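For reference, the structure is listed below as structure tokens.
First chain written, first letter: the chains are A, B, C, D, E and F, and each begins at residue 1.
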Amino acid sequence: MPYVNIKITKEGATAEQKARLIEGATQLLVDVLGKNPATTVVVIDEVETDNWGVGGESITVRRRTGQ
Amino acid sequence: MPYVNIKITKEGATAEQKARLIEGATQLLVDVLGKNPATTVVVIDEVETDNWGVGGESITVRRRTGQ
Amino acid sequence: MPYVNIKITKEGATAEQKARLIEGATQLLVDVLGKNPATTVVVIDEVETDNWGVGGESITVRRRTGQ
Amino acid sequence: MPYVNIKITKEGATAEQKARLIEGATQLLVDVLGKNPATTVVVIDEVETDNWGVGGESITVRRRTGQ
Amino acid sequence: MPYVNIKITKEGATAEQKARLIEGATQLLVDVLGKNPATTVVVIDEVETDNWGVGGESITVRRRTGQ
Amino acid sequence: MPYVNIKITKEGATAEQKARLIEGATQLLVDVLGKNPATTVVVIDEVETDNWGVGGESITVRRRTGQ
């Protein structure tokens, strides 16, 4: 019954990459804790780079300044 | 003061249906715990079917294969 | 497949009350959106009153001052 | 290493305002707890007014009725 | 900069198992999206079985009835 | 009506420090977006160091190795 939420910046992840995240996160819970994959839920949030900050700056600004 | 977050797949929930979710979740907290509805907050997140996985597969794939 | 997260202050909700929250939230998703209850997940977080603020003050302080 | 999530209604916050939220939340963690800003993450979610409820009503309805 | 939140029921996961979840989730983001592990954050929430529901029932009840 | 969730490691933050986080986060929303403090909610989660990872390692391990 685990629930996994993955937040990434919205920068072009493909449906195929997101499918791999879902598959990989589910398998991780199976491998480490023996959880049932049928009831393991994974939700991916893609966040605009203006809306994500690290070090007090948005990712938009950090990308522009080469950080 | 409760806070309720409802995550559903983005598959055409109407404003009227979302209003019923807000009303129902608020009333539930009033009925069960006697909470003040005036400060009960409900936030609904609608998630793309590519971004939601169960059983290691995205909902997009599960819909396509009839699961 | 919905996921519902209910956050309340930790002030003595009983197992029976939490069971009613789980049942009621699940039924709400069935009634409003026709979701499958078998895959509807509800998680309740109980938060210490020192860790919850409204109006710029913790609930601990608000309880003490009769708000 | 703190993580801050700010949820607001989607009503036209500008990139500059969001940059100030990121900067301010990061600085708050530095000032109060001495956290390292370099590893402090801030994520802002902007939520449609149909999807946010208070007092059992959506913000869309509350705006319309002048609440 | 990804952020991963893993919610599991509180049923005795060891520090070693949680370390493997952290390592595995971080590696998944590296492998699939080329993310920088140094700024990938993983937070594990362990939730009491009374506070987690599936199918309208708490996990406590489901464990007792052999589901 | 904003909602702010602050996640920090559980390493002895005092009630007074948490009160300052609540006050500061609420004021930030007032200053930047003109939000109403009366309906601004702040929830602080304190997470065990075994349950928080950065760079693929738990904070427990990072503290031990001086990172």
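Basically, a residue touches a chain if its C-beta (ideal position, glycine included) is under 8 Å from a C-beta of that chain, and two chains touch if they have at least 3 such contacts.
Bear in mind that the values here come from a model prediction, so they are computed numbers and not experimental data.
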If a chain touches subunit D and subunit E alike, it appears here: A, F
Residue-number overlap at the subunit E/subunit F interface, same or different (half cut): different
Farthest chain relative to subunit D (centres taken as mean CA coordinates): E
Of all other chains, the one whose Cα centre sits farthest from subunit B: F
Angle, in degrees to the nearest 5, of the Cα rotation that carries subunit B onto subunit D: 120
Subunit B-subunit C separation of Cα centroids, rounded to whole Å: 14
Distance between chain centroids, defined by C-alpha means - subunit A, subunit C (Å): 25
Subunit C and subunit D, separation of their C-alpha mean positions in angstrom: 21
Subunit A: positions in contact with at least two other chains: 1, 3, 7, 21, 25, 39, 41, 43, 45, 52, 54
Pairs of chains satisfying the touch condition: A-B, A-C, A-D, A-E, B-C, B-D, B-F, C-E, C-F, D-E, D-F, E-F
Complex contacts: residues of subunit A adjacent to subunit C: 1, 3, 39, 41, 43
Contact set on subunit F toward subunit C in their complex: 15, 18-19, 22-23, 25-27, 37-46
Of all residues in subunit B, those that touch subunit C in their complex: 1-9, 13, 17, 20-21, 24-25, 28-29, 31-33, 35, 39, 52, 54, 59
In the complex, subunit A residues that touch subunit D: 7, 45, 47, 50-58, 60-61
